[in-house]
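Residue numbering begins at 1 within each chain, and the chains themselves are lettered A, B, C and D in the order written.
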Amino acid sequence: MNLLLTGFEPFGGQTINSSEQAARALSGAGLPDINMRIAILPVDRERGPAALLCALDAALPDAVVCLGEAARRTAISIERVAINLLDFRIPDNAGRQYVDEPIAPDGPAAYFTTLPARAMLDAARAAGAPAARSLSAGAFLCNQVFYTLMHELSRRGARIPAGFIHIPQLPEQVAGAEAATASMALDTAVRGLAAALSALRAE
Amino acid sequence: MNLLLTGFEPFGGQTINSSEQAARALSGAGLPDINMRIAILPVDRERGPAALLCALDAALPDAVVCLGEAARRTAISIERVAINLLDFRIPDNAGRQYVDEPIAPDGPAAYFTTLPARAMLDAARAAGAPAARSLSAGAFLCNQVFYTLMHELSRRGARIPAGFIHIPQLPEQVAGAEAATASMALDTAVRGLAAALSALRAE
Amino acid sequence: MNLLLTGFEPFGGQTINSSEQAARALSGAGLPDINMRIAILPVDRERGPAALLCALDAALPDAVVCLGEAARRTAISIERVAINLLDFRIPDNAGRQYVDEPIAPDGPAAYFTTLPARAMLDAARAAGAPAARSLSAGAFLCNQVFYTLMHELSRRGARIPAGFIHIPQLPEQVAGAEAATASMALDTAVRGLAAALSALRAE
Amino acid sequence: MNLLLTGFEPFGGQTINSSEQAARALSGAGLPDINMRIAILPVDRERGPAALLCALDAALPDAVVCLGEAARRTAISIERVAINLLDFRIPDNAGRQYVDEPIAPDGPAAYFTTLPARAMLDAARAAGAPAARSLSAGAFLCNQVFYTLMHELSRRGARIPAGFIHIPQLPEQVAGAEAATASMALDTAVRGLAAALSALRAE
């Protein structure tokens, strides 16, 4: 299986992004029977989705999983739905903030993931990693990349498993805060994601 | 420095207790210039404090740190105060539940920790582990053992650093839940605790 | 303006539902220049949406707002998107539980609300009621009724403001709990909803 | 019964304080068989406790209940213990911030409330108001006034019911926030406090 796995660059003043760390760690370790290619996407309304489309063209994948970081979450979260909405609470890395705009003016309101979410969830949990399915990927870059991915695959008529997974911040990202929010060690995230990706391959 | 480090047995239907795991891991790894002795205490109103007193007699420590597990916490929590109160939300492992009783009928309302909490906190954070100071250790076995420790040291006139640290549950303890609560990997907890204990020694 | 306002019957072992209470209170008090008709819907996969469609036929409304109760929320929540998914965590009042099924097998993945969400949000806040916009109405009856509403209006080509608003539980619903979750007084909810509905009329 | 009831002035940039509002509302409405006197205390390390002691001298009360506001709490919280610690996260209204200092250098580590907490809790809940007992009043002015109260009564040998109750913020205090934290309507707080104070009188 040719898998395209993406992560994001740091944003919001952080110097690391847990999704980039996880993508690089998974790529470095490798997974049985999976030919993995990774791309690290800019947190930028224009350049983020563009980098994804570029990677799609280069990788000709059989499956696509985009990773993103979600502050305050306690579990690896397999997102179920991407919505056609940009509503940024903070500016992207280019300093632009969008409020209540569609991602694709002519696109449908939403796409469901085509990942086998339940099997991936069960596999992550069996590996000892807290995991959940989520009904909202937000309205920032993560959701935008997720929507862009599903929209493009739909446009191409490509019926491959594709979707988005949020992971918590790393412990070192929250350790300095007076009241530390939830975090997950990179090892735990990578173990859960490896199990989930192996379940994806097995489907 | 002779350090007595304690953890607790599993309770509340769990098969593991993160504080036992952490105590055993720290003891196994060892720490520079610290002669560590560990004891794993029963979650039992009678036998828990008794086991602590027994370990105190056996270890003749220069410092005592008791560890306990706290569900839903996101950080290693250095407890600041032990109160003279038993108010159990669930029964202990002997099936007994106590409501609004004093731990020591003639004891003072509370004791403050004598650990250098701020230095230990800073050290844990610098090691990349989320850490905090906490104003309540609850009213279950953790607080009871903490109070018993401070009361006994006070009775003996022993002016040594002593206190209690709560750590989060491990990822595998919450992974099965439909909505996973916060957790911390054993590696992260051990790294933070090792740094905090080294700061204790350095004081 | 002819407004159809719906609430839900109690469910999940509760004897009251805050959305029914709010709908009845708003109907009893009346709102300037709004001709309000209310319907209280069963928490039942079959009968809930059927009762909504029935009320739509009877009311010939210019606008439709469905209300539902959301445990643990702290604010009146104007839902932005209804998704084509049934995934019940608990059975409905008929004892049936659905997992990962579409609401409308041939329907689109989602619909956005056509309520003027921002104006309604601002009005509720100006009235002193905590209010927010939400990106997920869940996957239980609330979302099902919301999706059914938008799907039916789309089918009919009816371009009227329509959507769903979650409100917190009432204080008396959580007062008995050992650890009370968030609640909102009926007066506060009604004051916020009245302001939001008046903003809807003014659009 | 002569009851001294206190609240606090606004602080932290707020223009109202829910505890002042509640104290004034309870005083205005009156309670059967309770002769109530109120005092509104400055959020000021020096002037706050001084105003309490002044009110104690003036009121010669049979019981004292101090009220304070606690952001993010969902319930009326009867505090169980006051600790001898100042550790301010924000400056008081005089702009001073204290870190890890005792309130009374020669005082004990803590005092337990002498209010009949369980009876008051049950009464508040029976009145439909979310209520709880709390093991920490923090380390800011609320705890300082609570400790000062218990310390002074102890010094005087006055064995009267006395303690501290935290109440949530009012809805209008959080309504403007992008993500509103928990709140409680003044009516709900007053109804619960009235029931709790009546239970205090009945003891």
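In this text, a residue touches a chain if its C-beta (ideal position, glycine included) is under 8 Å from a C-beta of that chain, and two chains touch if they have at least 3 such contacts.
These numbers come from a predicted model, not from an experiment.
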| item | value |
| --- | --- |
| Per Cα centroids, the chain farthest from chain C | B |
| Approximate Å spacing (C-alpha centroids) for the pair chain A, chain D | 46 |
| Inter-chain centre distance, chain B versus chain D - centres from mean C-alpha coordinates, in Å | 31 |
| Between chain B and chain A, distance of the C-alpha-averaged centres to the nearest whole Å | 37 |
| Sites on chain D at which at least two other chains make contact | 178 |
| Arrangement of touching chains [line / ring / star / complete / other] | ring |
| Complete list of chain pairs which touch one another | A-B, A-C, B-D, C-D |
| Chain B contact footprint on chain A (complex, rising order) | 74-75, 124-125, 127-132, 171-172, 174-185, 187-188 |
| List of chain B residues in touch with chain D within their complex | 80-81, 83-85, 100, 108-112, 118, 135-136, 138-139 |
